[in-house]
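Here come two complexes built around chain A, the first alongside chain B, the second alongside chain C.
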Partner chain A sequence: MANKVTLDTAGNMWKVLVAEGDSVKKGDVLFIMEIMKMEVPYEAPADGKITAIHIAEGDADLEEDMVALEIE
Partner chain B sequence: MVIKKLLIANRGEIAVRIIRAAKELGLQTVVVHSTADANSLAVEMADETVEIGPASAAKSYLNVEAVLNAARQTGADGVHPGYGFLAENADFADAVEAAGMIFVGPSGAMIRKMGDKASARKAAEEAGVPTVPGSDGILNDMKMAQLVAMDIGYPVMIKATAGGGGRGIRIAESAEEFVSLARLASEEAKLAFGDGGLYLEKLIDAARHIEVQIMGDGGNFVHCYERECSLQRRRQKVWEEAPSSSLSATVREKLCSSAVALAKSVGYRGAGTVEYLYDDKTGDYYFIEMNTRIQVEHTITEEITGIDLVAEMICIAGGETLSFCQEDIAIQGHAIEVRINAEDPMNKFMPSPGVIGKMRIPGGPGVRFDHMLFEGYKIPTAYDSLLGKLIVHAGTRETAIFRLKRTVSELRINGIKTSAPLFLALTENEDIKHGEIHTKWLETWLESNSDKIRPIADIE
Partner chain C sequence: MSWEKEVIELANKRELAQEQGGVENVARQHSKGLLTIRERIDAILDNGSFQELGGTSGDVTRDDEGNLVDFKPANFILGFGKIGERRCVVAGEDFTLGGGSPNAAGLRKSVYTEELAYNYRVPLVRLHQGAGGSVAGAGGSAAAKPKTVGAPVNHAPRFKSVAQAMASVPVASAALGPVAGLPAARLVASHFSVMTQNSQILVAGPAVVGRALDNEITKENLGGPSVHAKNGTVDNLVEDEASAFEEIRKFLSYLPPNVWELPPVISSIDPSDRRAEELLSIVPRDRRKIYDMRQVIDLVLDDGSFFEMGKLYGRGTITGLARLNGQPVGVLSNDSRHLAGSMTDAGSRKARRFIELCDTFHLPIVSLLDEPGFMIGAAAEKASTIRFGTAAVIAAATSVVPWATVIIRKAHGVAEAAHFGPDGFVVAWPSAEIGAIPVEGGVAAAFSRQIAAAEDPEAERERLEEAMLHLQSVVPRAESFSMHDLIDPRDTRPTLCDWIDRVQPLLEQLKGPTSFPLRP
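This part shows the complex of A and B:
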């Protein structure tokens, strides 16, 4: 069952720390957004493997609720 | 007054502030803006607007060529840089002058001299202003730096000479961690400011941040008294007051005079702020840096003195002399400003972007709200989170705090979370009521008192 990591707010994608196929543990930082000059890290909600990434470093004006990546 | 058309090279609330001052002086206004600010209040209020680039500041507000082109295109004869962005960029100031326009601020040479923190320290010393015990200029090699640090005594502040505004600072608690921290600080500084030069200062325990507003017109130099900005979070000021509650009349006189002495000794033109650390246990004050621009918190000085600092700096740039002398300036009552940011103080101050919904803007005697909001406004995520500055002015500090409590409770901004609840909690705090604050106070209080921050309900 895929875990969809969605964006809580609009913002820019500053750093993407994982790649498709990577294994992650719950709590690992997946990506860091830059919103109003502040860094907002997103952590893995559960252990799993990254099955899809829909974001890239440097993406600007991403929308709230968009699916950033999927973990299985 | 030579300037007829003023170009504002900035955005947000300060762009609105400058437009207001310019209008009162009878000037035409031009606002440059990024695509993200096309629907902003400043753009709506200006006589002319020029889009100069995409949201990214590097491509718009920091794009010197684009700003100058906009000025040429519209026939602007003056440029006001606001704060941040190009405000303390000496090359920009030079470029404006070279293009035959007037830069509202000191010369590029002055910005260079006082913007370099190590050279500013030297200028302060030469003017007889006490500085924080520290290194004599920039550190040239690590061995020398370690000896200086040993001499000053740990803990030591490692500061970037090209930094400022609280950025580019590391604290070394001991000799063991000094070298690695200094290397890190230098690399960060090189990346962030283009200059890895460092200098050292002794870390002063429980210091208060007190700054003096100065103005100069080339012949006369005055101070407009001080502001205390000790309440900070991550080195950003959130609550500022004028005057400081901790200075005796004697210390105030000496502190403010020292700032004037510095302004005079360098021949400062325009508005500037001299920042100090004040040790209320010993009564000692130490110069830390000078800001050669208008500051966010200029508002509280305006409230207690009745002087329009933004209008005054435009007039000085336009060739006029100060419209007042030192004897004309007096402190009337007490003013407090709190920064309303798009951050959620009940969720680790996470940024809260979104669309502004229904608002209730506070009013009444002694209340001022400098903002750029309107219902339906989508806050851009590319810039800082400042929504507006809530300012109160009253007869005494005690009544000002009470007025602030009433005003913050009255403010409503639907649609996003703001830092307002933090200030409501602070107005009820005993240390704050007694003025027992210092630069570490707020972060320490937040560590164990976040539960005292309660939500303010939206309005229907």
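This part shows the complex of A and C:
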């Protein structure tokens, strides 16, 4: 069952810290958005492997609720 | 010769009324994962406390001897009960009979609900699942044609009693299935409303929408949680009916039974001198880093007492109820994770409604401030942020309850004024940044030419931001008695507990209705 990490808000992708195939632990920071000059980190909801990434550093105006990446 | 025959018929009716819409319809309700209204009332009230009114009202059919042949109970259930050992009125549609679209007796009970609550000065709980009036009239096309149609011209507006209830007693409501038309209006005419994952809120359902707008859309897409949990229609979204009842019970526990009394103070086991070490470093020194304001709330207010309202919309703003030394208070704050805590149009509506709730029920307000200002940009302008935002500011400026504001980080813009009450108690943390506008935006606006003309524009921008930031320091403001004090963050709870002790005696004079009628 893939865990889908979705964006809480619209905004820009500042840093992407993982790549497809990486193993992550619950709580690891996966990517950081920049919104209103603040860094908004997104953490892994569970242990697993990154099976898909739909975002890239520098992406602008990403939509709220889009699936950013998937962890299995 | 006694009245036994009549009493037996009464007992029959009462028994038949328990069947609601009949075995098949009840089974259909259950198969959708939904409870019947009688089960809901049982679940939300203290055990065995339900005192039904009008339990034998309904449509009867009699044979030529006058014996009862058929009985359809009123499809709205109403009565008194207890929640947390306090009396309340509880009511709701019986969806198993006619889809909750009111029959004649059901309609009478339904519109009487609010009057009952404010006449007895007790909280009102409405459990909704039902549609509004049918085109065929109450009682459907089978009803005999009445001699007069329409209500008398001097009939009071139906919603006047709804407004009076909101001005007098706590009103809490739940959407537990599809809620359309009149029930949907009653749902939102409340101080606290909750919807379940399985519910929908609609002005009108797919059949009506399809006919008027020529498009097809399911009731879930039209008015399910994906729509109404995030736009301020209801305060909270819960998983299931049991959670809805729990939240309503919890909400009521912070409020008095009516506006003529004060919120119930309980004895607190959380010491007023608790100084949490985490508070000293919870705000990052790096101004770009966010932190969890809800953790600050938990560390400062009575342990476990925070009940958030409206978490899913206007997310830069946080509102909720809590206790300070056992005294119920309102909490207004910001979440830097969402748009740096900026107050959007939705956040403004949430804040205004919340301040008015606190004013209505005499809840002192604790404001933990980290506000960069109203949301900016094209979408925010389209949403008329300044109009809704200014309403929130005016609500704060005219608030009648005591306020305490702790400036935690940002305090900027017109929006910051929504976080201070008149004659409020004001303290700040060393991390506070106070000024007309956050430095990033302020420098971009005031020094654009100077930056563009510089040899190294980025370096010049940084230098200017640093300089302007220095002007926003809280220290000189504290030295100038621009606030009551600059405090060690770890002293926040003791400071606020001292404040609540000072203001408690002032609440007495607030008893009674507010000067403005509360509007949904």
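As a convention for this text, the second predicted complex is superposed on the first by the 72 of 72 C-alpha atoms of A that agree within 3 Å, B and C clash if a C-alpha of one lies under 4 Å from a C-alpha of the other, contacts with A are read in each partner's own complex, and residues count from 1 in each chain.
As a working rule, contacts are C-beta pairs under 8 Å (C-beta built on N, C-alpha and C of every residue); 3 or more make two chains touch, one makes a residue touch a chain.
The structure presented is a predicted model; accordingly, all values stated were derived computationally and were not measured.
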Open item on the list: Residues of chain A touched by chain B versus by chain C: which partner has the larger set?
Closed with: B
- [ ] For A:A19, decide between first (touching chain B), second (touching chain C), both and neither.
- [x] neither
- [ ] Using the superposition on chain A described above, determine whether A:A56 touches chain B (first), chain C (second), both, or neither.
- [x] neither
- [ ] Determine, under the contact definition given at the top, whether A:T9 touches first (chain B), second (chain C), both, or neither.
- [x] both
TODO: Tell me which partner A:I35 touches in the superposition: chain B (first), chain C (second), both or neither.
DONE: both
Task: On chain A, the residue positions that both chain B and chain C contact, one per complex - done: 9, 35-38, 40
Task: Parts of chain C lying in touch with chain A, wherever the complex brings them together - done: 288-290, 315, 336-340, 342, 372, 438, 440
Open item on the list: Help me check something: in the complex, which residues belonging to chain A touch chain C?
Closed with: 8-9, 35-41
TODO: Quick one: which bits of chain B touch chain A in the complex? Just the residue numbers, please.
DONE: 55-56, 342-343, 349-354, 379, 381-385
Open item on the list: Using the touch definition from the top, list the residues of chain A that touch chain B in their complex.
Closed with: 9-12, 34-38, 40, 60-61, 64
